[in-house]
Amino acid sequence: MPVVEVHLIEGYDDAEKQRLGTALTDAVRSVVPAGPEAITVLLHDLPASDYYRGGTRRTPAPALPDPADLVRAYLAAMEARDLKKAQAMLGDGFTMSFPGTAPMRTLQELMDWAAPRYRFVKKTYEIFDVSQGADAAIVHCHGMLNGEWPDGTLFEGIRFIDRFELKGGRITKQDVWNDMGEVRP
Amino acid sequence: MPVVEVHLIEGYDDAEKQRLGTALTDAVRSVVPAGPEAITVLLHDLPASDYYRGGTRRTPAPALPDPADLVRAYLAAMEARDLKKAQAMLGDGFTMSFPGTAPMRTLQELMDWAAPRYRFVKKTYEIFDVSQGADAAIVHCHGMLNGEWPDGTLFEGIRFIDRFELKGGRITKQDVWNDMGEVRP
Amino acid sequence: MPVVEVHLIEGYDDAEKQRLGTALTDAVRSVVPAGPEAITVLLHDLPASDYYRGGTRRTPAPALPDPADLVRAYLAAMEARDLKKAQAMLGDGFTMSFPGTAPMRTLQELMDWAAPRYRFVKKTYEIFDVSQGADAAIVHCHGMLNGEWPDGTLFEGIRFIDRFELKGGRITKQDVWNDMGEVRP
Amino acid sequence: MPVVEVHLIEGYDDAEKQRLGTALTDAVRSVVPAGPEAITVLLHDLPASDYYRGGTRRTPAPALPDPADLVRAYLAAMEARDLKKAQAMLGDGFTMSFPGTAPMRTLQELMDWAAPRYRFVKKTYEIFDVSQGADAAIVHCHGMLNGEWPDGTLFEGIRFIDRFELKGGRITKQDVWNDMGEVRP
Amino acid sequence: MPVVEVHLIEGYDDAEKQRLGTALTDAVRSVVPAGPEAITVLLHDLPASDYYRGGTRRTPAPALPDPADLVRAYLAAMEARDLKKAQAMLGDGFTMSFPGTAPMRTLQELMDWAAPRYRFVKKTYEIFDVSQGADAAIVHCHGMLNGEWPDGTLFEGIRFIDRFELKGGRITKQDVWNDMGEVRP
Amino acid sequence: MPVVEVHLIEGYDDAEKQRLGTALTDAVRSVVPAGPEAITVLLHDLPASDYYRGGTRRTPAPALPDPADLVRAYLAAMEARDLKKAQAMLGDGFTMSFPGTAPMRTLQELMDWAAPRYRFVKKTYEIFDVSQGADAAIVHCHGMLNGEWPDGTLFEGIRFIDRFELKGGRITKQDVWNDMGEVRP
């Protein structure tokens, strides 16, 4: 039934603090089998004049975006074929891998590759799983695909999973798996 | 450059504390864009006689197993076809879904399903991503499959990803995606 | 020479914090034989956005009334025979016991019982002692009674002690002892 | 749902810490209407080499005895007429007041005063209420008296309440009220 | 890589807190060989209503002046021969000692003593070293003297060091050493 | 009446902690005009397994020597003309400056320079003042010299002050001022 105190320089808004509160609670729960109710998180928000490192004041960096929110916005832009908006969320060195194809580097490559494979595809999400790795935030989302094959027939209920790496608030890697190969006509 | 203090009842070993130290550091880094060096975690290990909730002493529950370690051990047992050992790691209500098949409930079902599909399969792992959800720990691992088709030809370099849910230190759900459908002869 | 830190959600006023500061100081002094000067109490008042339990924000409940103040107000109302005001301070299941009588449940019962025993009675208080029990706050006050017997003679200097139980800010039990039986004409 | 941290020099045993844990929980509950479960108390036991006041190390004083335990022991000794044992628990300037008598200073005075009033008396306790005042610990206990009048008849069910002041682990004042005057034959 | 937390009653301004942040960092570094970056200082500024000693609120005393700033101002006033301004910075029992002379008690004594020794002298400072003693703050400053001898020739590059004791924000002692005796014509 | 908490990795001995306790108390007193009694320092000694920076455990560096003790030992070695012992306490780039001479780099230079100036000299110390600068510990000591001139006459009561810089536990700079030039025969 642990108590977590965090001392940080003030400057984070309520939503960012809520994410921190949840992330710390989950961090404890990944090791200690306590019910959520048993875990208390206390944030001590310090004005910049109350925090010193090496005797020097610091300026807190703006919070990183919520990784799941960013990925949701990217997937919505892709589904709407708003490549410009989606492109703005990508970081340097972005690559993406889809079933049965070599890694691609631009969204246009993906569009070209997909054109003969389906007329459109939509995703229904079951869950977004977020983890923090050593140097990237990782988002996995899985659910079901529905859409239209090139011949005009519709499909639905095809399982998919996407994995995203985010660095500095940008998507740098997307890997996609799905069951299209099992069911493609 | 946040400082995290955790007060908990003593009883966790060095490896469990290391996991806690890492998880808390990652939790902060999921919101605050600080380099790892800028995040300090302090554990205050309290003897049971120094912790009271409602004026009553408590006994700390044993730590949960490392989710990635548990999944690794399960996958190794499955690869070695040691069903008994793998079975022992499964929780109540376990289900698993593989490409192109309905959910299965027993490992034997999986064995039977796989028998006509490949003679054996081995996995090479690129990474294990662990996240903590509201009521389950989630492990994703992805990498490459190699093995032997029923006709005796070998295959390799087939992408896969597995997603596991763990509750109370047992695996309760496994979902598998891979590119076999794209390349199956 | 202990230092006490309390982390609580903000919302308590200065007087309520003063009561908390005093109660915590006294709590330490009930075990540790330190002079009051040696005990420091620090309250860390956290905005609701800085406190999480189970990853969820909480709303602090309004402070309980000061038990001694509540009892003082009740006794003043009774002395002024303002039964309506006194009644409003009583909780469900209220009972009171006086010397030589069965438990009573209403203030009117008390009035009826006292009528033939004295014309009026006033209390002078020496001290109010407050303690916190497992499920009730306890107030004891003792001092001297003065008043007028039915025959018109005055009395004074009769020792009394009252014991009150308070739950949820209401008086649920009153027990009265005094020396009237020793001196009653 | 407050969290209380106490920093103190080590040297208190498990029972003393339990008393401190309970007293601090009760102190919070006297102001904040939280259920006991919502209050966490953390004791940080510091070796003497980790505590400095004015740059100087300190030696913690031995804990005070539990006031209720001390009073219980005193009352048991008195009931057993072990005056020597009871006397050893009294502090300088001890006084006691009983119904209808002037303050007494020695236990022998009490014995002499009681001799013609009852042959023996025993107490049954309902509760011990402990509070900490500015310079004394206060214990109230109340319950029922039973015993034998000088004429050999027995009595029982007579209400009583005792109030004790304790300083430095010794009883310095005892005040007794009861309903004997109401029922004395 | 220590973390220092200070709990103090609010009322100190940014510059005073900066001095405290630096002084605490240096205090740690005087024992622990950590780079400044490795030392974090957190100030917890408590409103007066959140701090209790002996159950009583306290008023924080105004900060002491920066010892080096005070000494700099005094030396500037002396160099400008503004004795009135300099005098106002001196505390009770002030004494000063210069090379080859008995202790003096007034600034005028110094002026009279110096008159036949040099026409004027100016100081160039290399560093101000500040330490806190048991009952005084100590400032040492050293550097070079330049000026004019009584015969009108100029001098420069003569080493000097001053030591000051400050109590309660006033200078109570000044000791001066220099190499004039080595080079005086 | 501030409370200072320090969280550090265990490994410092009692004497080193005492130095830390004193240094932190003095640091607070350099800004806050509180009596020493009003300042509490609490050291939280964490086992290495309870401290994480960037999710990684750390090894605490051995404490720096007490600067005043080191300087005392050096001065004693010099007075005893034990150049080898004194030399071992000097750091890279050591320089020393004496009245009326250019900076010297070796102790032998000093011996040679002093030979024609006095037969021997002894120091009586009034006080050692220690301060911690940005990248060096500073020790000043002052007091009186006594000794013997080359002509065999004795001298005493000559004021001196030494200033030392210490880096990494070695002396890197010594500056000496005294009144010999004022009184030299």
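Here the chain labels run A, B, C, D, E and F in written order, and each chain numbers its own residues starting at 1.
Definition applied: a residue touches a chain if its C-beta (ideal position, glycine included) is under 8 Å from a C-beta of that chain, and two chains touch if they have at least 3 such contacts.
Each chain and its UniProt protein: A, B, C, D, E, F = Tautomerase family protein.
Worth saying up front: this structure is predicted, and the values here are computed from it rather than measured.
K.L.:
Going chain by chain, each one touching the next, work out the least steps from chain A to chain D.
P.N.:
So the least number of steps between the two chains is 1.
K.L.:
Which chains are in contact with both chain A and chain F?
P.N.:
Neighbours common to chain A and chain F are B, C, D, E.
K.L.:
Between copies chain D and chain F, are the contact residues mostly the same numbers or mostly different, with half as the line?
P.N.:
Result for this pair: different.
K.L.:
Scan C-D, D-F or A-D for the interface that duplicates B-F, counting it as a duplicate when over half of the contact pairs agree by residue number.
P.N.:
When the contact pairs of B-F are compared with those in C-D, D-F or A-D, D-F matches.
K.L.:
C-D versus C-E: which has more C-beta pairs touching?
P.N.:
C-D
K.L.:
Would you mind checking which chain's C-alpha centre is most distant from the centre of chain A?
P.N.:
Relative to chain A, the chain with the farthest C-alpha centre is D.
K.L.:
Based only on mean CA positions, could you tell me how far chain E sits from chain F in angstrom?
P.N.:
19
K.L.:
How many angstrom lie between the CA centroids of chain D and chain E, rounded to a whole number?
P.N.:
56
K.L.:
Express in whole angstrom the distance between the two chain centres, defined as the mean CA positions of chain C and chain F.
P.N.:
Chain centres of chain C and chain F, defined by C-alpha means, are spaced 62 Å apart.
K.L.:
Pull out every residue in chain E that's touching 2 or more other chains.
P.N.:
1, 3, 5, 7, 24, 26, 36, 40, 42, 44, 51, 53
K.L.:
State which pairs of chains touch, listing all of them.
P.N.:
Those chain pairs satisfying the definition are A-B, A-C, A-D, A-E, B-D, B-E, B-F, C-D, C-E, C-F, D-F, E-F.
K.L.:
Tell me, which parts of chain B touch chain F in their complex?
P.N.:
Touch residues, chain B against chain F: 5, 14, 17-18, 21-22, 24-26, 35-45.
K.L.:
Note which residues of chain A are touching chain E in the complex, please.
P.N.:
On the chain A side, the touching residues are 7, 44, 46-47, 49-57.
K.L.:
In their shared complex, at which residues does chain D touch chain A?
P.N.:
Of all residues in chain D, those touching chain A are 1, 3, 40, 42.
K.L.:
Over in the complex, which chain E residues touch chain F? Could you list them?
P.N.:
1-9, 12, 16, 19-20, 23-24, 26-34, 36, 51, 53, 58, 60-64, 67, 97, 99-100, 127, 129-134, 137-138, 140, 142, 159-161, 163, 168-169, 175, 177-184
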